[in-house]
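First chain A sits with chain B, and in the next complex the same chain sits with chain C.
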Partner chain A sequence: MFLWTSVIPFLVVGLLWLLIRHALRQPLWAEASSRIKKNRMALVALTIICAYGGVAFVDAVSWKDDKNSPAKSVLDRVFAKMPVEETYSAPMAKTTTGVPHPKPLEGKHLFGTDGNGRDVLYQTLRGCKTALIIGGLTTLISLPLALLLGMLAGYYGKLVDDGIQYLYTVLDSIPNILLLVTLLMVLGNGLDKICLALGITTWVGLCRLVRGETLKHRDREYVRAAKSLGVSDFRILTRHILPNLLPTVIITVTLGLSGLILSEAILSYLSLGVTNETGSWGNMIDAARVELAREPVLWWNLLAASSALFVLVWAFNVFGDAIRDAIDPRLRS
Partner chain B sequence: MSEPLLKVENLKTYFSMSHGVVRAVDGVSFEISRGKTLAIVGESGSGKSMTALSVLQLVPEPAGYIESGRIVYEGKDLLDLTWEQMRDLRGKEISMIFQEPMTSLNPVFTIGTQMIEAMTLHGTSRKEAKTRALELLRRVELKDPVQAMRQYPHELSGGMRQRVMIAMALSNEPKLLIADEPTTALDVTVQKQILELLVKLQQETGMAMLLITHDLGIVAQVAQDVVVMYAGKVVESATVQDLYTRPQHPYTKALFASLPSRQRRGQPLTTLEDAFAPISGDEPSQ
Partner chain C sequence: MLRYVLRRLLYAVPIILGVALLTFLLFYSTSTPEQMAVRGLSAKNPTQDQIQAWIVQHGYDKSKSEQFKKHVGEMFLFRFGKSDITGESIGARIREGALPSALVAGLIFSGSVFAGIVLALVAAYYRGTYMDRLITLTCVLLMSIVSIVYIIVGQYTLSKVLKLFPVAGFADGLEAWKFVMLPFIVGVVSGLGRSVRLYRTFMLEEMNQDYVRTARAKGVGEKSILFKHVLKNAMIPIITSVVLSIPFIFLGNLLVESFFGIPGLGGMMVDAITNQDFAVVRAMVFLGTLLYIVGAILTDVCYALVDPRVRLE
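Coming up: the complex of A and B.
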């Protein structure tokens, strides 16, 4: 337990930092970063992503005060003084709503409280970690799989291609949501299992794309020229074809990220998502859905979760687009 | 006469297509001596490019394959070599430049990166490769080699890119350079410059050259020997002088007749269709 809560967040941040530092030493990425620095929108998007990442990090680092108490994250400690009310209250409201006898409040809840009287801002912030884990871990599972199989299929053709195509066509012939539900029933609940199940169902589209692009680049003259200079197949795939696939892959992955975070919401709706203790925007939206028909309308829960989702998805898309433009030397001015 | 550098005997490269086997190269034989230039001439689809690709065993897979024949380079048959040995030989002993300078360079890397890779592949250190790359770019008469090292392929003109390709092909001092229509995609003035550059570099390095072209006009400038191909077969093989003064085969005669000439001013040009059926099934020039 100690490992999960204290070491892993630092490990993730450390690895990301090493990866970025290593990438920036290569000319392609070094130049891309200098171009991104000039793109104001991209910087705004990056700041937003970092802010979400920061919240997730603060939520991930936790420790126990003594042996018997549950571990509390930094975020929990920040919000520890926030009182838990009995039921709904509007943002900054002085009384609770939705009950016959409203209770007086201090107006401390910036985004109001939900049905259980919990602070909505706190819940929304807790959703960051879940969203980023779902987006990140799933991509970490599906991207290597799609790249490896797609490039092998596209480059070698023949039997390799047939085998890989057979595999993903079979997977793809099962309706996605059914496969997802089945997988989750077999694997059981839990954030890591959701990521695994989503990873297994989402690599197919990307793989097909990568295969097609590889097929296109395989017959380009620069690949033949590289071969005529004695470059090995492995090197051609990793050093020559892969960089040319990156723009397409980056766009697909960033667009896919938003889809992944949204599918967590859908899974929550089917009660296959994360448990209630794990903060998640999907759960919040699901809970708020019932309340929309009430009078007065309890909108803040829904608005907070969907705005958080919207802003993150927007930032990912803008930043992904900026990277795509930045690593394409043909768009260099 | 000493042993030739490259000797191709009865080479057959076939393509298995859905409608049957296409005999792209059908029993071709020729020889290239050290330091000499052999030109293979023929129209589109005659199999000249496939002959060149067969030498390096780069025939497009999975459809194409070398059916039979011998490709003897410095006394050893290249078809007997393992895959790794063959890869080691490419770029080091035999290099190739291609028709399309626009697409033969990887669009996402700088010229410098690609030149250095070509050399480090065959065991040169990075530092040495960098200085050599600059020197090579200077030798192929690129105006600003230092600047060019940092540029991307799309920032160079067609002629400049072809110079870079030549520099890359020469980077490991190959004994044989295969030039597959090196000037076809370039305009006439640049064509002339590139050909002159190739001849100059050949004199400096003493390498042999296999020039693939459909342009009889450039053959005389560069080559000593000529092989004329038609529909996968060699129809005539001679020295440049013999071929230009006494073409033997009717196809070669028809090729010469189709060239514009000052003597026949005002008359329509003879086309190959007048004398020969064009090769059916428009095979792309590879």
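Coming up: the complex of A and C.
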């Protein structure tokens, strides 16, 4: 059996590849990429991001064996032979822990098992997809909204600007976390709803930036020249101003990804995170609150999830900085 | 100055009205009165009559515009009503929780600003050397750890293993310091990476200004340049970023307070979220927004006090 959703990851990877290929033909991006290639830390970070992406990709490609069975991803199939134990067991241990009568384990678990006896390594790897979806889907929601409204406000000014500014000032004056919590309480739980709520809270900052940049470009000579040649507003915005906004927007979006991924863990603590069936680092870290208080201390769940989260966020931070330095050396800190 | 403050306050009115409308739409229009009644009466397995009585009692049978007027009026008069779940007065709980919250938030806030500025000064003083590189690399590492992990690990190592502080709780009066220390340390450390990196950028920007070169040419010492010239000018962007980070303090407080059992507003908010207590969340959103707007006005005023180039008119 074949599932149409399993095409999406291929589409995403293909589109990204095409976009990068296309961008590299332009001098600005070609130069930026040559600068990044010289930055060793950035290359390490990029490799890490690609590795996480690879795991997420392997976890996203899924199909059904027959009509009635649930769809299983490649990752599920790799770990299919891993037996589910009764309860917690330490990394590489031979028996379960935390129960009066330890039982011998059926399989070897590199990172141990959690309270339900599931392999921690498998759970950690499953978190990659969730984290990248939260980063990616949220950006897909907030970016078009911010670009559209920001460019309209900056370009047309006057009443349009006033209206859009009022809209985002109202949203912005509610502290981010409170708006996020309110939206999620009203929308309900779920990965897609988290992305929507995060999108609604994060587009404001981006929109403000886009508006300011558009305002700067609106009166430049090249825009005025295009106007006097009779180019339509739509074409000026999409063909002339947008490409000039992209460097700033890409820097901000890349640096923002780490924050989005981190917020998943915080939402899990507030019991507004993804459901337990969706593998997520936030849920694993949340479970560790109780586990650390037990005797013997059950530390591996916390360590695995938080280091997976830490490494990905670190990579995005470092790569975001590298992109910023490569595209706009004036901003170098 | 007074005129400016008044104008800013007037400008805030339509914004607050917008927030009131937004919260009204979110809370009142997405669920029907019946659903809210069932939620409000949850434990009692309500009959149809009870639901109807609840709706009439809470005024949900009136028209939407009347409900909105009531909502706005109550918010502006700080009449927050009663909790959906426990039935306690929200206003009284906010008054109780404000002091512990202000204590913890204020300490964390001033501690992290102070530590951030000191470390950023060190990094700026040794700019370009290994010391600077070490500080910036550590900052990125610190920024990449989620705040919950700081809290969990801090609580585990400092109070469970080293037994330096009580695990959680709160006491009134001077005894409070024991309970406040752990949240204080965790709160300051978790925000350090971001602030040091930001402040360092501000300071390095000032380092490249002409007046610094002039000062050096006059023969002013490097230390004096850093503390007298650069620090004063770097304070302007630092003040802005400090106030912009107030919502993040609120976030930190939510987690820190509920984790360490401090009976403040943040802990109350987390309880309300887990219990789906819409009335409390509504009140907190409005209060948080108000604080944020007041904070923004205060920043602009501080801005004018620090920087004589900024004119308020």
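Basically, the second predicted complex is superposed on the first by the 260 of 333 C-alpha atoms of A that agree within 3 Å, B and C clash if a C-alpha of one lies under 4 Å from a C-alpha of the other, contacts with A are read in each partner's own complex, and residues count from 1 in each chain.
FYI, a contact is a pair of C-beta atoms (placed from the backbone, for glycine too) under 8 Å apart; a residue touches a chain by one contact, two chains touch by 3 or more.
Being a predicted model, the structure only gives us computed values, none of them experimental.
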item	value
Which of chain B and chain C A:327 touches, first, second, both or neither	first
Chain B versus chain C as contact partner of A:45, first or second or both or neither	neither
Partner chain(s) touched by A:271 [first = chain B, second = chain C, both, neither]	second
Partner chain(s) touched by A:121 [first = chain B, second = chain C, both, neither]	neither
First (chain B), second (chain C), both or neither touched by A:317	second
Touched partner set for A:153, first chain B, second chain C, both or neither	neither
First (chain B), second (chain C), both or neither touched by A:292	second
Which of chain B and chain C A:185 touches, first, second, both or neither	second
First, second, both or neither for A:166, with chain B first and chain C second	second
Partner, of chain C and chain B, that touches more residues belonging to chain A	C
For the chain A and chain C complex, residues of the former touching the latter	166, 169-171, 173-179, 181-183, 185-186, 258, 262, 265-266, 269-272, 285-286, 288-289, 292-293, 297, 302, 306, 309-311, 313-314, 317-318, 321, 333
Residues on chain C engaged by chain A in the complex (per definition of touch)	14-16, 18-19, 22-23, 26-27, 30-31, 140-141, 143-149, 152, 156, 160, 197, 200-201, 204, 246-248, 250-251, 254-255, 269-270, 273-274, 276, 278, 281, 284-285, 288-289, 291-293, 296
Of chain A, residues touching chain B in the complex	27-28, 157-158, 219-222, 224-232, 235, 239-240, 243-244, 246, 327-330, 332
Chain B residues within the chain A interface of the complex	56, 58, 60-62, 87-92, 95-100, 103-110, 113, 117-118, 121-122, 152, 154, 165, 168-169, 178
